[in-house]
Every structure is written in C-alpha cells, then in structure tokens.
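In the two assemblies presented below, subunit A is common to both, partnered first by subunit B and then by subunit C.
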Partner chain A sequence: MDLDNEELLEEGGSRLTFPGETLTSSQAYMRGHGTYVDNEEVIASVAGTIERVNKLVTVRAIRTRYNPEVGDLVVGRITEVVQPRRWKVDANSRQDAVLMLSSVNLPGGVQRRKLESDELQMRNFFEEGDLLVAEVQAFFSDGAMSLHTRSLKYGKLRNGQLVAVPPILVRRLKSHFLTLPCGVDLILGLNGYIWVSKHVKESEQEGEEGFDAEAVYSNQNDDIDESTRTAISRVTNIIRVLSSHFIPMSDMLLLEAYEWTVDQEGNAKDLLQEDFGEALIASINTR
Partner chain B sequence: MAQTGFDRRRINGPDESFPPIFEVDEHQNSWTIGQPRSGRKPTDIRPIFLQAGLINRANGSAYIETQRTKIACAVYGPRQSKNVAFNEKGRVNVEVKFAPFSCQRRRAPMRDAEDRSIATAIQQAITSSVRLELLPKSTIDICINIIESDGIEGCVASGSVAASTALAGAGIEVIGLVVACSACVIGNEVWLDPSEEEARASSGVLVLSCMPALESVTSVWQSGQMKADDVFSCMEACQTRCVDVHSVVAQALLESI
Partner chain C sequence: MGSRVEILNEGGFRSDGRRQFELRDMTIDLSQRGIADGSALITHGLTQVLVSVFGPREAKMRSQTIHDRANINVEVSVAAFSTGERRKRSRGDKRILEIASTIKSTFEPVVQTNLYPRSQIDVFVQVLQQDGGVLQACINGTTLALINSGIPMLDFVCAVTGGVHSTSPMLDLTLLEENDIPNVTVAMMPKTGKIALVTMETRLHVDRFKEIFRLVSDAGKVIHGEMKSAVLSRSTSLVTAMGSGPRTRGGDLEERDVDDQMNNY
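Coming up: the complex of A and B.
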C-alpha cells in the first residue's frame, strides 16, 4: 500500500502505521528512525505516527524506551558499582547508562584531582539503588550513554518520590527543574522518570564555595512536614493520572491540575479513583 | 508420604480428591471421524479477539482469544543483558507457562517439556522479524501465559501472533508483523486452525508463521505424518488465511495507539 504524496506531504499530520507497511519509495524520500529500506521502498519498522520533515520520513513509536541524546537531562537509578571507576545507571534506555567517577563532583573543590582513595570509596558517593539526576554527556561506541553530574544542579536525589511515565510524554522544555508554588520541586527527566520532592530554597542550596560533600551525597531525608508530604503525593498522583490519559507534561498543566484538585477539596488519594481522574482531565481540556 | 510428585514449594491439595462431575458437558461435540467438519468450513479459522496493551507493568503486551484458546503475552525490554559476554546483536528470550487450569487435566508447574517446545517454536517464528542488529548487548524477554489451551498448534499460532503484537506495542523495531496459522490433514482434506480434538484425529499438523506484509515465511512447524503434496496445500491455505489474520493484528495495533 503506497501512500500518495499528498498524504505524506501534509506536515504535522498524524497518520498511524504498523510494522511492515510500505510508506513510500526510497528514491523520493530518506529513511529516518523507525523505518528501513528494502527493495527501494521505505518500510515502517514500528507502530506509531508517521512524521515527515522535508524529505525525511520517520515513524515515532508511542510506547518505547528512551532514546538518549547528548545534553538531555535524565533521572536514573544506580544499579551497579563496577570497576574500573564507574557506576551503572538504569535510565529507562535500551542499555544501562554509565557514570564515570571522573564525571562527578567530588568533595573538597570542583577541580580536585582524583585520588586512589576516591576509587576505593565510590560507594560513599553513590550506592546501588540511589537515585540521581544527571546530563547525557556522550555516547560510547556500542551506543551506551555516558552521564555526568558536574553541576550543582545535578547529583543525588532525596526528600521526594519517583514517578515513571512513558518518555514520549516529557517534552523538551526551557528548564526541566520546575518549582510549583505549593512547595514542591519537580525534575522532569527526559527518560520519563520524574522526581517530585520538597522545595529547597535557593539560599539553602549547596553553594559553589562551600561545596558540602556531606549534604550532596547524604542519604538522610530532611524533615518534611505534613502539608508538604500531601502536596508531593498530590502532584505525584496528578502525574499518574495525566500519564494514564496520555497527556504530555508541562509546568502550566501541572499547576492548573494542582489548583483544580485543591479547589475540589479532594484528598490526594482520591485522584486515583477513575471518575475523579476523568473529571480532572475534562477540566484541563476545557481550559 | 506416598504421594507422587509432591511439591514442597506450593500449597498442595488434600491427599485424596475427586474430580467434580458436571451434569452437561457444554463442550461435548458429537463430531466423529469421517463426518464433515462441524461448526465451520474446512478453510475457516476460529474468530480472533486480540487486544494490545493490557499489562501496565510490561513494555508491551497483548491478549489473544480464539474461542477456547486464551493467551496473555507480555514483553519486557529491550534491556541490558546481565552476566553475558558482549554480543553485537540482541537476544530474544521466550518463556511459556501454562496456567494450572488451562487444560483438561491439571497442569502441574514445571513438570514437563511441552512448554519449552512451544517456547522454541514461538521463538523461531518471532526472532527473525526483530531487528536485533540495532540492539547490541540487549535482551528482550517475552512471557507467554496460556490461560486456556485448545491444542498445542493453536497455542503456538496464537502465541506467535500475540508475541508479535506485543513486540510492536513495545515500540521495538521489527521488519514486519508475524502472524501464524495452523492446519491439519484429515482424510484428504485440509482443515485450518484445528481444535485439540480435530488435531488428535488428524494424521499430521502444521503451523506456518509468516509476514504477509513482506510476503515471507519465518517458520514452519510440522508434526505427524503428511505427504509432500499435503504439506504444500496446507502451507498455501495457511498463507492465504494469514493475510486476514494480519489485518486483524494491524487493526488491534492501530486501536491501541
């Protein structure tokens, strides 16, 4: 079944396809992600929407693993401490990501040299199961991504909760660090992992000079009061509802949804009931 | 404890038990060998219900039902292989499990090799469709749970269809959708999609897996006695029917996204 050009030419159109379907001739168009060429024909290899930019035809799968790109912000979980000098991180990708000891900030000054003792006490920085926020630095030859946390914004995560959504729902934003006025910080990882935590005041963030290893690599949660806990779980549940209805995340949307739930005077757990969630979606759509 | 096959890891029933006796067996068929096929034509298959994406935790999943064959399939991955040497290509693992209540007689867990032979057949049918060269060091795990079984051939065919649907639903790159159809030879007729009873009465059974979109065959699985001519006519009949199954799968996929 050949698509006629008119159908393909319509940019931003969302026509669905399935694997094995012939999209167009490879002489007129270039193959992009999610397609392959056989017999001079461009054929879809995933189920999803066809997208076309000029002469490039791609198919975007709806539910898929995260495809990393350099510079992306990701939230991940340490799965392994491996020699030499690296951690393995689960970042919802096809392969485990790698975090090198040389790409983390070490206590006692940013520009400090690595010592052998650092190598021996890697578990003091990150241990198996720890959550962290990092940036994709580069790729290895086998396609595995290398992360770095060489910024004060990045590092170990605490005081919060993780939610996983399909990666396609997290769009690239100006900033992936959001602060909601309800005293909740959000980190939208492009790999679909979202970290919801207690708000940290700017002044209390670990400063450049007084880089405090104790605080940065601490495993202890701060005291979180009752109202913040409620706010965190409310935001988490909103994200769950949005992801179950397949709505992309954005700061405006989350804020509106939060205000709506507060107006409704529902508990955080009410959101997980189906009718309440649907009412939320309906109210967002009308705005 | 004189009980044979006592399993310490599971809750076991009482020592002595009796099967319940039902007043009417609703599946009782009055069909006997030599009669024409009851219920449908020789080239008809059982109606298919297929739904993609019902298991939330999995990356992709599918549920298929063809009358008394009911199969749930989940796909996990691609994820990094653990503790294996570097491999430039990905791997596909297939695991088949029977529910204890899936057959006429209770399936004790891990007692026979039947599930493994089905897993091999499905793996063969599916693997060549996956673009494994794009997934170095990775593993895809396919878990197939047979909830109700009506013949091994039906399980292999429906299992392959479900697995392929789940793979596509997981966003894994495949060169095409794999669909499968079974056929058996009874007398000198070819009957498609035989039930357990029909398969038992037949001389030979064949399962054909193919990708109708690319017009290629991924695997042929044959058991029993068949003449070469019968094999070819079975394959042809399966192939034409697979085109219909393919449209069902494509429809189910498009509905799920």
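Coming up: the complex of A and C.
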C-alpha cells in the first residue's frame, strides 16, 4: 500500500500505521525514526502516527519509553553509586542515565574544585533510592544520557510523592515547575515521572548566595499538615486517572479536575474508583 | 490410534466442528496492564496467553549486556491450572525453557535490537490455558506486546500450526489433534513472506510438507489481518483519547497556525 504524495503532504495529520507497512517508495523522501529502508521502500517499524517534516518521514510510536533530548527536564531515581565519580539514575529511558559528580552543585559555593573527599562522601549527596530533578546535559556515544543539577531549581526531591505516566502524556511546556493554588507544587518530568509535593515559598527556597548544602541534600521531610497531604494525594490520584484514560497533562486541566473533585466532596481515594474517575473524565470533556 | 474421537469425519468436520482449513476464533486485548510497557492477551480458541514486555531498559545483570545491541530476555511460565490435569511446572522445566529459547531466536532477527545498545528487553509470557498451539499463541502474543510497547520491528511475526491427518492437511490444531497427528509450527513475516521459524516435534512425511507449508503461510496472512486491525484500533483509541479535552485541542490548533505561518516564509 503506497501513500501518494498528497496524503504524506498533509502536515499535522495523524494517519496511523503499523510495522511492515510501506510508507513510500518514492526517492524524494528520507527515512526518519520509526522507519527502515528495504528495497528502496520506506517502511514503518513501529505502530503510531506518520509525521512528515519537509522530506523527512518519521513514525512516532504512541506508547514508548522516554527518548531524551538535550535540555529536557527529567525526574529520576538513583539506582547505583558507581566509581569513578558518578551515579546511575533511572529516568524511564532505555538505559540508566548518568549523573557525574562534576555536574552537581557541591556544598561551599557553586564554583569550586572537586576534592577527593567529595568523591568519598558521594552517598552524602545522593544515595540509592533518592529522587532528583535534573536536566539532560549531553549524550554518550552509546546513547545514554548525562544529567546535570547545576541550578538551584534542580536537586534532591522531598516533601511529596512520585507518580509515573506514559512519557507522551507530558508535553513540552514553558515551565515544568507548576504551582497549583491548593498548596501543591508539581514537577512534570518529560520522562513521564511527575513529582507532586508540598508548596515551597520562593523566599524559603535555598537562596542564591547562601547555597545551603544541608538543606539541598537533606533526607528529612518538612512538617506537612493534613490538608496539604490530602491535596497532594488528590492531585496524585487525578494524575493517575488522567493517565489511565490517556489524557495529556496540563496545568489548566489539573486545576479544573482538582476543583471538580473538591466540589464533589469526595475523598482523595474515591478518585481511584472507576465510576468516579469516569465522571471526572466526562466533566473535563464537556467543558 | 487409541482415541475414540474422529480427527476428521466423513462429512469433513473436525472434532470441534471446524472444517479442515478453518482457524479457531481469535481474540486480542491490548489494553494497559500494570506497569508493563506493552502487553497483549491473545486467545486462539481455548488457548490463552498473556505476554508483558518491559523495556528497552537497563539490564539487571551487567554480564547480560551486549555492547552493540539490546538483549532480548524471554521468560515463560505455565499456569498450573492451564491444562486438564493440574500440574505445577517449575521454571527450570526443559519444555518451558525450550519454548522460551524458540521465542527468543524467532524475534532476535525481527526486532531492531541494534537501536538499543546495552539495553535489555524483557518478555514475560504466561500461558493461562492450553488447548494446542501454545507456541503459536506465544509468538503471536509476543509480536503484539512488542508492537504495543513501541519497540521497532521489521514486520509482524504470525505463527500458525498445521498438521496432516492421513492425507488431509489441517490448520490450527487443538490439543486433541496435536497429540494424534504429525504437526508443524510455522512463523512467517507477512510483508516479505519470509519465514522466521519452522519447528516440528513429530515426524512429517516429506511429500506432505510442501502442501502444509503453503497452507500455513496463507493462514499466517489471515492471522496478520486480525492482528493488524487490533493494533490499529488500539492506536486509534489512544490517539483519540489524547486529542480529547478542549485544552489540548486548542493547543494543537495554535501550534498548527504557527506551523502554517512558518511555511509561508
């Protein structure tokens, strides 16, 4: 089955395909991701939507692991402390990401030499199981990504909980740090890991000049009052419901959903019941 | 032969009421299960198999990493309640290990493992009900689960069993037929017609082989049609779900406007 040019030209159109389907036999097109060439034909290798940018034909799989790009914001979990001078981070990608000791902020000023003592006390900064937010810095030759946390926005996560969704449901936004009016902060990692936590006031954030290593690498949660705890679990459950219905996340949507659940006077856990979740989706769709 | 049931009666019907070349009813469920990256529940008649795919992900054991491609790790487990006689099979059972290694070697050339160096793709196959054609169901299920998890493959792999009763060939055998007559399982790639696997545990007369082989290849195309439509309907439902909700649609429209403007320059 050949696509004629008109169909391919339809930009933004979402024609679906599956592995083994011939997309075009024309020489005018270049093969992109999700395709391969056999017998001078461009053939799809994944099930998904056909996309075309000028001469490049790609197929984007709908459900897949996270494909990192430089500059992406990701949330990850430390899986291993490896010598020399690096951590392995699970970031929902095809391999564990690498966080070098040289790409984290160390106590005592942003600019300083790495000492041998830093190397020996790496577990004081990040330990196995710790969650962190970071940015993709570069790639290694085998495709593994290297992360960095060299900003005050990045670093260890606490005061909240993690929820994982398919990566395609997190779109690129202006900011991936959201604050909902219900006293909840959200970090939407592009790898599909979402961190929901207690709101931290800007002024209380670890200040620029007084980079407080104690606070940045602390493992101790702050005091979280009950209403905040409820709000956090409510938001988490909303995200779970949205992801189970395969609806992309956005701040407006989450806010609407939150207001709706508060109006319904249900408990946070009610959301996980199927009928309640479906009612939520229905109410979103009608707005 | 000891069985009282006729494999093929004079009217041309088999023990379960099918004709010679008729395939069993096939159902496919591709919905999300747990945290698997892709899964598929497939039934061929009374044979039911659940396949879950995880990955590509970091290999659990460093010794298993391959520096230039992904390692496919297949684990098969057979439920104790899957057969008529309740029987617990251990994971080390030779029979099960053989199925696992057959699946692995079938998919290694089809999956584009070279795109994921040093990674591992885990395939967990659970046989829930057995009524003949277990390997065929495992292979078809694995194809669907891999596609569902967005792992690039050259083509579908469609497997069918075929057998021959005296001189009449038959397709998609049940357990009863499988025990009585010589049979062969063939996995083929419908686009090119290439064969990914031919396996036999019984002896089959060489004169019969050609005919059965041709029939089984044709049947593979029918299975391909079923699997294709299941994959497409799953993709369609996901794409529609993603597009629903007023906010997201608005966003897309804006983006497209920008695209159009860009094109004008």
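What we mean here is this: the second predicted complex is superposed on the first by the 286 of 287 C-alpha atoms of A that agree within 3 Å, B and C clash if a C-alpha of one lies under 4 Å from a C-alpha of the other, contacts with A are read in each partner's own complex, and residues count from 1 in each chain.
What we mean here is this: a residue touches a chain if its C-beta (ideal position, glycine included) is under 8 Å from a C-beta of that chain, and two chains touch if they have at least 3 such contacts.
Bear in mind the structure is a predicted one, so any value in this text is a computation, not a measurement.
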item: Room on subunit A for both subunit B and subunit C (clash or fit); value: clash
item: Partner chain(s) touched by A:D142 [first = subunit B, second = subunit C, both, neither]; value: both
item: Contacts of A:G20 with subunit B and subunit C, given as first, second, both or neither; value: both
item: First, second, both or neither for A:A47, with subunit B first and subunit C second; value: both
item: First, second, both or neither for A:N285, with subunit B first and subunit C second; value: second
item: Contacts of A:R150 with subunit B and subunit C, given as first, second, both or neither; value: neither
item: Partner contacting more residues of subunit A (subunit B vs subunit C); value: C
item: First (subunit B), second (subunit C), both or neither touched by A:S250; value: second
item: Subunit B versus subunit C as contact partner of A:R158, first or second or both or neither; value: neither
item: Subunit B and subunit C contact sites that coincide on subunit A, given as residue numbers; value: 16, 18-20, 22, 34, 36, 38, 43, 45-49, 61-65, 94-96, 142-144
item: Touch list for subunit A against partner subunit B, complex; value: 16, 18-22, 34, 36, 38, 43, 45-49, 61-65, 94-96, 142-144
item: Touching residues on subunit B, where the partner in the complex is subunit A; value: 53, 59-60, 78-80, 86, 131, 135-138, 168-177, 211-214, 249-250, 253-254, 257
item: Contact footprint of subunit A on subunit C as seen in their complex; value: 32, 35, 37-38, 55-58, 67, 70, 112, 116-119, 147-156, 189-192, 228, 231-232, 234-236, 238-239, 241-242, 244-248, 251-252, 256, 259, 263
item: Interface residues, subunit A side, partner subunit C - complex; value: 11-12, 14, 16, 18-20, 22, 34, 36, 38, 43, 45-49, 61-65, 79, 88, 90, 94-96, 142-144, 164, 168-169, 171, 244-248, 250, 252-253, 284-285, 287
